[in-house]
Amino acid sequence: MPEAVARLKDIRRRMDDDRPEIHHDDTEAGELTIIEQRLSGFEILYREAWLRKLVILAVLALIWEIYGRTLNNDLLFPTFSATILAFFTGLMDGTLPAAAWSSGKVLLMGYGLGIVLAATLTALAMASRIGTDFLETMTSMFNPLPAIALLPLALIWFGLGNASLVFVLVHSVTWAIALNTHSGFLGVSRTLKMVGRNYGLRGPAFIMKILIPAAFPSILTGLKIGWAFAWRTLIAAELVFGVSSGSGGLGWFIFENKNMLDIPKVFAGLLTVIIIGLVVENLIFRTIERRTIERWGVQH
Amino acid sequence: EVATVRLAKQFGIGYLPLTLIEEQGLLEKHAQEAGLELRTEWLRFTGGSGMNEALLSGNLDIAAGGVGPMLTIWARTQNNLQVKGIAALESMPLYLVTTDPEVQSLADFNRSHKIALPAVKTSIQAITLQMAAEKYLGEGRHDALDAFTVSMGHPDAQLAMMGGRSEINAHFGAPPFQNQELKDERAHKVLDSYEVLGGPHTFNVIWAKNEFVENNPTVMAALMAALEESIGFIRDNPDKAARIWAEVEATNLSHDEVVDLITDERVNWTTAPQGILPYVEYMSRVGLISASTDDWRDVFFDMVHDTEGS
Amino acid sequence: MQSRQPLLTVQGVTLQYKTPHHLITATYRVSFDVMQGDRFILLGPSGCGKSTLQKAVGGYMTPTEGEMRLKGRKITQPGPDRMMVFQEFDQLLPWKTVKQNVAFALHASKRMSRREAEEKAMEYVSKVGLASFADSHPHMLSGGMKQRVAIARGMAMEPDILLMDEPFAALDALTRRKMQDELLKLWDETKFTVLFVTHSIAEAIKIGNRILLLSPHPGRVKAELNSTTDAQQAIELEQHIHQMLFSHEPEEVEHA
Amino acid sequence: MPEAVARLKDIRRRMDDDRPEIHHDDTEAGELTIIEQRLSGFEILYREAWLRKLVILAVLALIWEIYGRTLNNDLLFPTFSATILAFFTGLMDGTLPAAAWSSGKVLLMGYGLGIVLAATLTALAMASRIGTDFLETMTSMFNPLPAIALLPLALIWFGLGNASLVFVLVHSVTWAIALNTHSGFLGVSRTLKMVGRNYGLRGPAFIMKILIPAAFPSILTGLKIGWAFAWRTLIAAELVFGVSSGSGGLGWFIFENKNMLDIPKVFAGLLTVIIIGLVVENLIFRTIERRTIERWGVQH
Amino acid sequence: MQSRQPLLTVQGVTLQYKTPHHLITATYRVSFDVMQGDRFILLGPSGCGKSTLQKAVGGYMTPTEGEMRLKGRKITQPGPDRMMVFQEFDQLLPWKTVKQNVAFALHASKRMSRREAEEKAMEYVSKVGLASFADSHPHMLSGGMKQRVAIARGMAMEPDILLMDEPFAALDALTRRKMQDELLKLWDETKFTVLFVTHSIAEAIKIGNRILLLSPHPGRVKAELNSTTDAQQAIELEQHIHQMLFSHEPEEVEHA
């Protein structure tokens, strides 16, 4: 197609330009001064995440208070102030901290074990096809089962008390974390996986050093969900499984006060759960996010 | 007055009068006789707290359950909603059953025992156990057994104790679970609530908010009439009553077993509240409720005030 | 021609990346004008801020200093009037086939109906030599093939201004020349404006009519030159640019 | 450095080679024949996912049966065969299908609403910073709360019955899905987001056409977790909320049979949940995965 | 020299991608031998299977037909004896800084202690001109800078055979020449073997000592040529290769 080429040349000739050429001297990089555009006072405040969150919390508390007052039914839904009062009373007389501590111990144990189990299952799933099928099958079978379904087995295997609670917690934590981790692992870019193998990494080293950091956002989401469901399950399970009196956790605290119709105390118990949730999210999970995901620039 | 009345039931033979009212349409019948077109709506609950919430949120008119929850809500609502009992359903003994042959009295319980009951500290069984501890082990020792108690639903508790693989080796239950347990030769009775209370006492009651009772005198009258009729029916035709109950309630009991439960001489089908005051007195003394009274009539609306209550 | 309003004016633009721990100045007070119908080239060493400048024109970054105007209106957000061909290989939607990727761009930006879009898409997919891969998903393509789809998409959109970031870098000599010719042919037909990043001086001279030279860290304007079509002048210009870019390394000009 | 260059030239001169040059004629692409390496019979069978899963299920059933027999305690843990028998009895007399249907309806409603709510929250979170904070705060506050905590509000707002159940279900579904969706959205490659904006997509169109397909693996994981927790919650909640006569779902079925100490039936109810879980996973979720994630090559 | 054992033998290798709906043959019965110390170039049009061949040598794909042997041992899995520089920009670990990325490769593959790795990493990061970005994370780099890190990593590993897939494509002329020179200098020092994919004929001749020409769809061997260092011969060779690759398009050879 010499013809086409000739035409192209023609085009380009037409564009001849009378703009002057420009040349600049080199500036030294050190001499640069930059004039930044100013932000308004509101914008500066709005940029602070903790401030925005505080405002949200304050608004929610206000809504609660107003709704509680209009409802005016302390036996069903106490006001925010009544709850706060009960909360501080519980805090002062030590019952709430004791209950939270007692629940917290069990929770952390179940959560920790759940993570370990999820890690094992996911590692197996990454290692072989049958492992994948096993994880998928187990998850789709057991994840929908409520904790009460495990009661008989738990009683046989672990008897009453904390061991059974931990068992139930593991059940509620494992599947969610395993699902998220596995899907995160599968989503790791093909190239990164090849890079890892190229270094000669294999098995656990490959998972630890490549897959886990690469799938970290997914894993963290799984951990968050697992954490939340652990709380839910624990509080419900403390009722189903029974507690020997005197050793009850937050679930028991709530149940007992509900039975005695001391509703502000019930809500104080729930508030404790909420506060722990907020603290864990904003101190622990957010810090992890800042140190990892944000620094690595893997979420935008 | 309301066109539809919403009533609650729970599981167990103790709610037999209500079952009969529902199945035979007694409430509708008596309301019609009083010139009121009334519909009923029956709801099932598995525990007292869900039911109380339904009552307080206006989703339920008449609740049914044990004496304990009723006293709790009565004490709590003295200054506002004024919830009170309407009537008792029956007096019935509760047994503490164990599979440990070593245990013959309360004093024999030690750390190796676990006593299952519906809710530690707050259920009627837990309170009765405390009263028993005070009575048999001595003043100030009312909470001596609390450390051995464990919360567990009746079926789970029975399974755990009779299954024999868990630490549960005693169960403070209710009919029909306690009766079934006692049929097994491994189990025997340690405690009888009638002995603790010094006589028969009410097991189940029905209760409502003051507002509902005041606004619906005809319905309440019809309800009382229906209750009387159904209790009369139970007394006169235990066989038929058992048949009706077995038909509508999920049960694995044989007909004869049900009849035995109904006609047990220690069971008294009556609307008269019995043994309420000891409970009120004990619960307020240990601080489980903040109100007290020395007249059982304060705890009930006036429909049963002229019965032989205590 | 001098009296024409510029299509795009870039006025003293400083672009910075703010990360939690660093503040990186990518370009410093860069100014240039792009006229309607220009084939404007950004040329400069790796990391000198070419892609950053393009992203700013694309509306993805706000200058710390200075401003950019398109047809007199300040650029505040991205839009289909400035179609981008990115440097990255992951710019195709993985859930669409090659043809759908091109057609979707046309349809989503409300250029044309779904029907027309399909036809036009197929036309451009053929132009970049991927007709037989029209129904493949992007993950089944080689690096160069992916870039060609992106080029087809950019050209099919016929935007006011086409922003191309090293579009031909992943292509072999033959395919590359074909693509260059396609681009020029298309320009001949529609006289669109293109802002083109490249690291090949020869390509800059072949494709462009005006060339902006940038110096590195942070990117500043070194010179703005006219291109030429005359073969002899082109060689001289190439030498000249070479000298300007490599001035600190007085080495013989070797070709590679 | 002309010296360096001279040295380089030197190097290259040294490598002159005596290997012959090779030239091939063009083959026509049509003439290609390929001899594939054969797979063994076991390998061919092993490649079938459904077969592997069936084997896993059979092994699990076997373990159950054997454990049940050795335990020999029908009151606590019936054998697999006893459970299957009870399952078919329940199937035949229509009680199980009726209960499953009754639960299923409520479940789907709650699940659907939960998805809608999660979508709304996530959309808000993508639209503005305060939206993100709102989602984060709400999730960390409410996700750990057990369903019973919502009971009073549910009763006030929706009364007894299915509406309240749906409300509780929404609570159990929304947060997990929202968390996964949001983290999926954040993980969408910067370039893809720029491409979408470049098309002039904005707001809902941007979310629908770019973010959702790009974050699909995460979203699907969220949907799976939400699905499982909806079941768990429903079965537990059916007990707390009570039922009007004759309208019980699977949770009620389980409770009722437990009351009658008919343990094989209790397990038949749980088996129904398991089977529904397996069916939904393998028919619905797997199909979606095959049609999307696998075809798009976004998981490896 | 002819009598030497080849380091890598590729014997009648057919490579295919199996997707649920397609079966794509990327290369068809490709054979070649790479000797110890070779700078072996794969040259061919976009999509002809160059990257696929490299991935197979890297151990990531199993041939449908034929086999590949490294030092006489059949290639079955990836390993640090064959270090790859991929074509994609996302080959750096995003959670490691530039320096850590290089050091981690050295340490993870058990080449050296963490300490030594750090030092060596810094040395190579400087070689590719990124010393001032040593502590940045990859997402803060430009496309070309990312590729340079990957090059530094590949070279620092000093593997038996270095597999480089269009490593210099994203680099400007100056940086590119520097990198080419670094590569040759390193080769001079350690005489490692490199299998190099490029789409630039000039680069092939400059870098390689032996050049494999592939024809497209599916990739088959067209020719295997020796390179040259003589300037005049180089120009002739370039013309020759040009003709072989573009033979179906009888066009004047234009330079771009």
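Read from first to last, the chains carry the letters A, B, C, D and E; within each, the first residue is number 1.
Methods note: a contact is a pair of C-beta atoms (placed from the backbone, for glycine too) under 8 Å apart; a residue touches a chain by one contact, two chains touch by 3 or more.
Computed from a prediction, not measured in an experiment: that's the story for all the values here.
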Problem set entry | If a chain touches chain B and chain D alike, it appears here | A
Seminar exercise, completed: One chain pair leads in contact pairs, namely A-D
Problem set entry | Relative to chain D, chain with the most remote C-alpha centre | B
Exercise. Measuring centre to centre, with centres taken as mean CA positions, what chain is farthest from chain C?
Worked result: B
Exercise. CA centre of chain B versus CA centre of chain E: separation in Å?
Worked result: 83
Seminar exercise, completed: Taking each chain's mean CA coordinate, chain A and chain D are separated, in whole Å, by 17
Exercise. Taking each chain's centre as the mean position of its Cα atoms, how many Å separate chain A from chain E?
Worked result: 42
Problem set entry | Length of the line joining the C-alpha centres of chain A and chain B, rounded to whole Å | 45
Seminar exercise, completed: Contacts with two or more other chains occur in chain C at residues 19, 88, 90, 140, 254
Exercise. Which positions in chain B touch two or more other chains at once?
Worked result: 53, 57, 156, 159-160, 163, 165
Seminar exercise, completed: Note: chain D residues in touch with at least two other chains are 5, 73, 76, 152, 155-156, 263, 295, 297-298
Problem set entry | Inter-chain touch pairs (all) | A-B, A-C, A-D, A-E, B-D, C-D, C-E, D-E
Exercise. In the complex formed with chain D, which residues of chain E make contact?
Worked result: 1-2, 14, 16, 19-21, 25, 28, 35, 37, 39, 64-65, 181, 184-185, 187-188, 209-210, 215, 217-218, 220-226, 229
Seminar exercise, completed: Interface with chain A, chain B side, in the complex: residues 48-49, 52-53, 56-57, 69, 72-73, 76-77, 80-81, 114, 116, 119-123, 146-152, 156, 159-160, 163, 165-168, 288
Exercise. For chain D, which residues are in contact with chain E within the complex?
Worked result: 4-5, 7-9, 11-13, 15-19, 21-24, 26-27, 29, 32, 34-37, 290, 294-295, 297
Problem set entry | In the complex, chain D residues that touch chain B | 73, 75-76, 151-152, 155-156, 159-160, 239-245, 248, 255-263
Problem set entry | Sites on chain C touched by chain D in the complex | 55, 58-60, 77-80, 82-84, 86, 88, 90-91, 93-95, 104-105, 108-110, 137-140, 251-252, 254
